[in-house]
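Heads up, the next two complexes both have chain A, just with different partners, chain B and then chain C.
Moving on to the complex of A and B:
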């Protein structure tokens, strides 16, 4: 130990220079990534935080006079902020479990070997690659109360006509339907991959042990999939809290404020009402809430993994 | 307990036939090992018996029932998998009781049967552990427990010991043997390890390329291999082979025209043969085939000598110790009953099998 220490302190200047050169080379490889991340990620975040504690100076388009927590207090007092948070929560609480359950169920059903499975899987990608605005517009047409095809079909089974974008509850349902249409296939793909990666022999053991389809599902497949389900949930959650585009295209927060999710509200406040400082404060609050909840979900999913 | 009959079983994947008509009669309570190199069809055959692969042709009977179209769970078999295939989220107790619960057996009885089995296998203290909290040997024991607890007609083992380290493998081997002697359940055991097959089974079935090469008691296969393949496959270290012409009845003339006198002639009168001699059947004598020692490997109870005989490497295994040193010339003698003669053919390459054995 002491001999080693002695050797280190005795390092010749040449060797030390070599080490510094080595360090420089290593860091130089990281510079592009660091630059890119600071410009694209760190700067906007700090800019937002800076604004949120200041009076916004329209002339310099930056932070003006420091006002401390003033913007935060104002936002917290604004009932519309809480309303749109509530709307976002309703959307998340319904859409996320729905998509995860639906995604894994479809994957389980199409997991059996059959011809054309590859084609169906390829078709599943379409909703994901359609631009959100296009998806929103398309669904506006499908769900149109007067000449939309969904109401036409629902008419056959004696339902409707439903005013999809006029009724607050139905509008939220419409947003969730569009979002689910868009994102369930993504979960189906993940789930299909996960199902294919499951150990085959455990299922064979279950077959020999006499487990039927149902108990194979509940006693073997689901427990084995729990870590993947949890991870999928977290990934989907990270996408869903950013919900903006579909609402923008389909309902624009309406009717009234029924589908006015937080991101749309922040956007409106910033770029319509030009209340940049207040919306920056809201953005920071949402960021922190999201981080805390994501941390909780990650912790939870790790606990679940340990359990199984 | 029950017999198993396999009648001309065939298996094809698409146009490729991998099992070319295998027939086997397994008696009630018998321990049969299916052994062969990878790809020989032994696992496929076992999975066909289990019902995990369907049967392309022929019949499989368990007891007196054709099971070709009977679901695995109704065949009254239990299987132990190579990777244990335990339910990872269930503890040992639930892993072992799962099959019984599927049959709606009363809780009290399940509890009792699981406890009995756990006792047999020494798992009493592990019943509440999850598989990942167990060592490889313990997992293997749980997998066996899961099979035993069901009290099936037939046990199927699919390379159950190949994931264990060498020492544990030997220990589990004797445990499986002891278990079979105690339960006397018909057992079919697939392995690529000929030693495992030889030590465990009442009868060994050597398979190669989708057909049965030879079947018989372990010592029968060792003493009277019917083909070069079986001769090369059974025995460790493997048999030595020398290919050459038989001249004058008992003189083996090798490719480089070295003449080696054999103690016997060929009863079939072939002119070109491959001679097989097991390493342990050579004796070092004053006269005989001259060979130059290249390596001497003592293990205490026996010594393995690697030597060169007219350019061919031969292995010699002698009991006890020897003063022979590398570079010396020794003379090898063979008793007539230990000379195996086969049709001349290249020796099957089984190097990979030795490795895993």
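Moving on to the complex of A and C:
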């Protein structure tokens, strides 16, 4: 470092100009991204924070006078906000582990070597690129209590008719089913590649040592897969906290507020009730909670990687 | 794992479990594809064939709903809007994001890593935290309901995504490529355009396609930032699905849904090979 500095001070003006030119060229690769994201990402976040501490001025349609923590206190007192956070939590706690376990299990199934393996793997891409809002609408039709095909089939095994969108628990189940349908294939594809990358000789050694199927899975495969499982969980978490489209199309938060996830609640408060200051405060709270949890998960996945 | 075992006792055991795995795999695939099949099937039904018990698998197909709905609800215009916005934001993000990804992978700049980390962290920002201020600012500047607004809004999540994918792609290329080019007198941009971009073309194209798919299906920003002229297809679907006044319009829902999904599926299958490795790379290295 100091040697470099010494060289720099000795440099002739011409060489220094070359150096600055080079520095400019180097930075020119990063600058467009930094500029665009400062305007479109950083500035909106600061503006949200600004609004969250102000009274919203309808006449100028912007942040009015400074009110300190008022909006935050109001939001914290709002039981609907807590209800919505609870709903979001229930969805996350059930859906994420379910999708990861299901994704890796299905990957194990479809990795069996046979002629159709490539085709099946390609087919699993299809649900993954169905727009979430389409997925929500499509499943709303399939789960329809009266005309839906699923209830018709469930009738054969003596279940139902289930009122998927009228019962709070079933509505949450429906949202989780749709979300799982849409996102598990994504995990399957990651898991498929991860399973294929596992070293074969370790499994052969385990087999020779007489390890049974279960202990091979638990003491050989799972430890090797831990980094990928953790990474998949983090990626899926980053997507799941943005949950909006599927709920909007399938249940619109109903019945009552049973599936009113936080993003939908904030959206409604802002754009239907025009309570921009309160929704900004909620958005800031959600932003902070998300960032903290994301940091924790990233840290946790690093730690797990070291452990195994 | 399913390598044929030498002893016969072992052999029969592995082949039964192998057969079970294959059958399980097929069953699960059918389960996952059925909803899409059912949607496409329903889109070709007449109203009388949609609401039946038992549900109909055999019927006389019709294009009625397609023809009717392409004229109503501005579907054609929304389709054009969606194409404009997806292409625009895809192209903008691939250029800007790939440059940043290249800088992070190859060029040593002091402080750039911090920006890179910040940009990656931004993947955790909930879009609703951006939607409120974007709406307010766009409204003040008279930029609501314009294509460019959506294009810029989408770049907030597409640029970090592209940067992240392309960084690991560039890292996988041998360093000697540009080094030798630069020794031969190429500038940094010369090396990029003459050497790196040509060999990265498959990766760049696939990333462009993924970005366009993400933009194609985006709903929240489109709901908030557009209302008539620049509105996209997902907004229409949300409208049809949530239409409680006219009741369940399944014909429209499935027809518009099919129109939305088919082009994306075609594109995704075109790049499927790269999609799978790209995903796996991203998951393990990101």
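Going forward, the second predicted complex is superposed on the first by the 298 of 308 C-alpha atoms of A that agree within 3 Å, B and C clash if a C-alpha of one lies under 4 Å from a C-alpha of the other, contacts with A are read in each partner's own complex, and residues count from 1 in each chain.
The working rule: contacts are C-beta pairs under 8 Å (C-beta built on N, C-alpha and C of every residue); 3 or more make two chains touch, one makes a residue touch a chain.
Just so we're clear, the structure is a prediction, and the values are computed from it rather than from any experiment.
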item	value
Touching partner for A:208 - first (chain B), second (chain C), both, neither	first
Contacts of A:199 with chain B and chain C, given as first, second, both or neither	first
Chain B versus chain C as contact partner of A:223, first or second or both or neither	first
Which superposed partner A:21 touches (first chain B, second chain C, both, neither)	neither
Chain B versus chain C as contact partner of A:97, first or second or both or neither	neither
Touched partner set for A:166, first chain B, second chain C, both or neither	neither
Partner contacting more residues of chain A (chain B vs chain C)	C
Intersection of chain A interface sets (partners chain B, chain C)	204, 207
Sites on chain A touched by chain B in the complex	199, 201-202, 204-212, 215, 219-220, 223-224, 226, 307-308
Residue ranges of chain B in contact with chain A within the complex	50-52, 71-73, 77-79, 81-83, 85-90, 98-99, 102-103, 146, 150
Contacting residues of chain A [partner chain C, same complex]	23, 25-27, 29-30, 32-34, 36-37, 39-41, 43-45, 47-48, 51, 61-62, 106, 108-110, 112-114, 116-117, 120-142, 144, 147, 149, 152, 181, 184-186, 189-190, 192-194, 197, 200, 203-204, 207, 227-228, 231-232, 235, 238, 241-242, 244-245, 248-250, 252, 262-263, 266-267, 270-271, 276, 279-280, 283-284, 286-287, 290-291, 294
Sites on chain C touched by chain A in the complex	1-3, 5, 18, 21-22, 24-26, 28-29, 32-33, 35-36, 38-39, 42, 50-55, 95-97, 99-100, 102-104, 107-109, 112, 115, 119, 121-137, 139-140, 152-153, 155-156, 159-160, 163, 187-189, 213, 216-217, 219-220, 223-224, 233-234, 237-238, 240-242, 248, 250, 253-254, 257, 260-261, 264-265, 268-269, 272, 275-277, 279-280, 282-284, 286
